[in-house]
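Could you have a look at this structure, given as structure tokens, before my questions?
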Amino acid sequence: MNETERKQGEWEPKIIAFLCNWCSYAGADLAGVSRYQYPPSLRIVRVPCSGRVSANMILDALRSGADGVLVSGCHPGDCHYISGNYYARRRFAILKRFLEFVGIESDRVNFSWISASEGEQFAQVATEVTERVKRLGPARHLVKEF
Amino acid sequence: MSTMNEKITEELRQKARQLLESGRVAAFLGYASGSVPMVMRPFVARTPEDADRLEWNSFCVLNLANYLPALLKSFEPPRRPNEPPPQGPLPKVGVVATGCWSRNMVVQIQENQVERERLVIIGISSRGMVDRKKVQALIAHRDVTAVKEGDNTLVVAGPGFEEEINRWDVVRDNCKSCVHPDPVIFDDMIGELKGERDLPDRFSQVEEIEALSAQERWKWFTSEIQSCIRCYACRNACPLCYCPTCFVDDSRPQWVGKSIDSVDTAIFHILRAYHCAGRCTDCGSCESACPMGIRMRILTKKLQKDVLQLYGIEAGMSVQEPLPLTTYKKDDPQDFILTESLKGEKK
Amino acid sequence: MLPRAGFQQWLQELSGQFEIFGPKKNEKAIVSWQRLEGGELPDMAPGVPKGSIKTFFFPQPETLFEFTARPKQDDSFRLREPEKRQKPRLVVGVRPCDARSVLLNSMPYKEDPYFQQNRQNVILVGLACRNGCSTCFCTWTGGSPVGTEGLDILVFELEDGFVLEPVTERGESLLQKASSARDATEAERQAVQEIRDNAPTSLPEAMEPASQLVQKDLMALYNAPFWQQLSDSCINCGTCTFLCPTCYCFDIQDETLRGKGRRIRYWDSCMFPLFTLHASGHNPRGEKVKRVRNRFMHKLKYFPERFGPLSCVGCGRCVRDCPVNIDIRQVMKELLAV
Amino acid sequence: MNPYLPYPARIDDIVIETEDGNLKTFKLVLEDDADRAGWHHVPGQFAMLSIAGKGEIPIGIASSPTEKGHLLFTVNRAGVVTTALHKMNVGDPIGVRGPLGNGFPVDSELKGKNIVIIAGGFAFTTLRSTLIYMLEHRADYGNITVVYGARTPGMLLYKEELKQWQERDDLDVHITVDREAPGWKGLVGFVPTIAGQVKPSPENAAALICGPPIMIKFTMPPLEEVGWTDDQVYLSLENRMKCGLGVCGHCNVGPVYVCKDGPVFTRSQVQKLPVEF
């Protein structure tokens, strides 16, 4: 067992989740109320809209030591602000490919659509993202140290 | 017999002189020759006599659109931040533009940084500009004291040597992979429009990197930016970078540290490039300005490739067409969205 | 006199006592300051390395102190000074202009504990210039291609070896460790003398010394008409200031990370608008022309008024790498003509 | 001694000075006895206040050297550090680096002179230090005249002390506000106007003027009218500062460093400099 594997065994990743106020945050709330189980690795940041989340924020999370990032908004067509998530979708599509291009593992940065009624889906996504990040091990590339 | 560039220079001076003499423009933005070989000086001609200092050759590497927002503003009466712009026509500025420069002017028009009516654009179809770093590499980094340009050759001279090199061999990578040499907006042209170039492998530099593993890509990226001194020449040479406060200078919150820490430098380069997504015309100003030889242009080229592939748009081709990241389609690709790809897996 | 192999052997022997640095080509063929291992010789091609030697004395960044990053906790201002670097450094292949810059920077940094400690810790072994490059102008600013100011040892490169001359006592004591050194022959002495005689005149152009600017009226220079046109070209990047060996401005900032904190100082540039921005939003040098003017006025007028010499050593880095060809030599000429 | 290391200190008291809450006076006590004993400042000097993780800011010292055992700083909330400082409580730790700069020449040029203090807004802080110092050494100075104004009565600093000063007969105090305000019975008018009405005599006198540039600009003509010269007028400049030691290069106005050569300059010194402050 090498060190990474050993660490993965006992290590719980820290994942920053930017959830939009109107859908995904309510979805996370519902997951809790409905007692769906999911790993305790998510630190939730409530934002007005997935369109509010900038690349700066995602990279700031990684720089500060997050092992993974999840951004989640309303399903296309359901945005409280009509089109925020459509714009976000273009920006995230480009960003995700771009981060992969400079060598950031694809599964570090994740995006999802979760509505206010999808508590179960939220728990699924949280579990899935946690597993993916666990497989990668602790983030190293963009974590600032001194 | 005069070379192509000498003819262009002559015509450029003449047109600029006329514009300045007639009072149609308050200033003309072009290039004057520099004090060291292979570096040109961006130059604002303010009098008809100044026009005779204008020069055109293969070393005009810095995108002149970069100067336009501030230059235009300098001809407006001073006003407070929230005061509306003055009524009536404002002084105009003349500027020379190749394909990519004119496309950056289009982007600036779309982003309300410059007004089309205030520009008098003299178009020149680009033959590609020369990368002086390539020239220096070819002559083993010896001290260059003079460079003489022919139509297809450069004669490079220094203490104890004189070598003739093929111009195209040392043309910048972005120019070699450019398909739009013609200006897309102009009021007057010098020379003919050349038409689009057909280059199926224009993204080959990007594809080479894409073919690597994630680990190798990270290694490439970090070693490429390792020598960065954070002078921001890449940012300041870029016509897209006009924000009054750059994210680098934000203090609340501070997105990125300011010394040459490797993580901060990496984040700076990622975000700088990303902010150009859907707006960059691959003019190569950033790379040409970099004193450390960092090839950060590959980053923006990658963004250009993805934007074109996903949304079918190239920045600055038309004032009417919205910039790709300021618009959307309901059926934009979304296979990268986890909940969508999980759906796919279930099926 | 040390033959090539003897010079390498000397460096090899010193590498136990010192971390050795010198100009070296990187994979992009850029000559920069790098660690030299196992008696490796520095790159001795004509000209100065890309980066500035100030990095050894005024590192980017320098940690001023460390603290516990819990602003409201009792221990937050119990400071720890950073651990001192134990092993002294030896920098070889230093051009006389660069060495002189260390001396000049030492004037404003006279009472700066970090800078002065680094000075004590760094030995400079110079390399005399045979020929000036096309961008060299050290003689305009009071230096010389064979000058010794700021150096501990000056090295002359000859056909088959090196003549080493001690400049300081600590240089002298290091030279005594060069086991294969012998006295220079008459011919070698003559060759050194030839370099001494010829190098200064090998510079591309002679000009009246810019030190005369001290006598000119400050406001007359400040109000000279050419500043506007000069600043028309400037893109306000920090290339000139960051490559310049005598630009020494810095910013101070706190960085915190998961409970730890440090206060660092790092290179700053008077070319950046933020440099002078007040918290109120007022900016005394908000316009580009004021910033461009300040950089040159500082080097050529303000600094000399305070300390005597110009704050420029004529290394030509800014001339070589300014992306828009702003040339300090032309600025000097323009100012002298005021 | 390393001039970059702040002394550990603690907030001993906080007073909200103005009605908008943007100005607070912090009473700081240096933690170590040796630091306290070694601290000597001159009115007009400033110090760097340090908050771990936020940074440092230069603030004029509002307390007089004669007020022993503590230091006062009146701070306007504007940037990162001052905002953090405004959120702090009594008992919180803080760092102090200084004293820095030159200060007013209270023990040399100003001695034996009639003193005119003119201040506007929150620039009164180091002049409070100066005034208290002079009152403690009252015999060393001639007549002391104070003209101080703010936008509204609620924006005046040190309101309790202003009242006490107005009651003294060895002090000529004129407090003014820009516009009429309910309950305000004092002077109304801009500082330059009031200074013009007071018409202080330039005879064997020195004026210490602190305030926004626009106030200083309009205060000069009425003074010049009654015969004041630039040599007699002392100003305190402000610029962005980082080191406070004349090294980092941020605060230069031409060849001088505001942090080291200033912040106090005579007006005739300032007139010879580029307007970069």
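Order of writing sets the labels: A, B, C and D. Residues in every chain begin at 1.
Quick note on the criterion: a contact is a pair of C-beta atoms (placed from the backbone, for glycine too) under 8 Å apart; a residue touches a chain by one contact, two chains touch by 3 or more.
This is a predicted model, so every value here is computed, not measured.
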More contacts between chains, A-B or A-C: A-B
Maximum centroid distance from chain A, chain identifier (CA atoms): D
Between chain D and chain B, distance of the C-alpha-averaged centres to the nearest whole Å: 49
Separation of mean Cα positions, chain B and chain A [Å, integer]: 35
Whole-Å gap separating chain A and chain D, where each centre is the average of the chain's CA atoms: 51
Chain C: positions in contact with at least two other chains: 251, 253, 255
Residues of chain D whose C-beta touches two or more other chains: 79
Interface hub residues of chain A, defined as touching at least two other chains: 144-146
Residue ranges of chain B touching chain A (in the complex, touch as defined): 206, 209-210, 214-222, 247, 253, 255-257, 261, 263-264, 266-267, 270-271, 273-275, 277-278, 299, 302-303, 306-307, 310-311, 324-326, 328, 330, 332-334, 336-340, 342
Residues of chain A that touch chain B when the two form their complex: 55-56, 59-60, 63, 70, 76-77, 83, 86-87, 89-106, 110-114, 121, 124-125, 128-129, 141-146
Complex contact set, residues of chain D against chain C: 2-6, 8-9, 50-56, 78-79, 82, 84, 88-89, 92-95, 238-240, 242-243, 245-250, 252-255, 272, 274-277
Residue numbers on chain B that touch chain C, as the complex places them: 34-36, 39-44, 62, 66-67, 70, 137, 141, 143-145, 158-159, 223, 227, 229-233, 235-237, 249, 257-261, 288-289, 291-293
Residues of chain A that touch chain C when the two form their complex: 64-65, 144-146
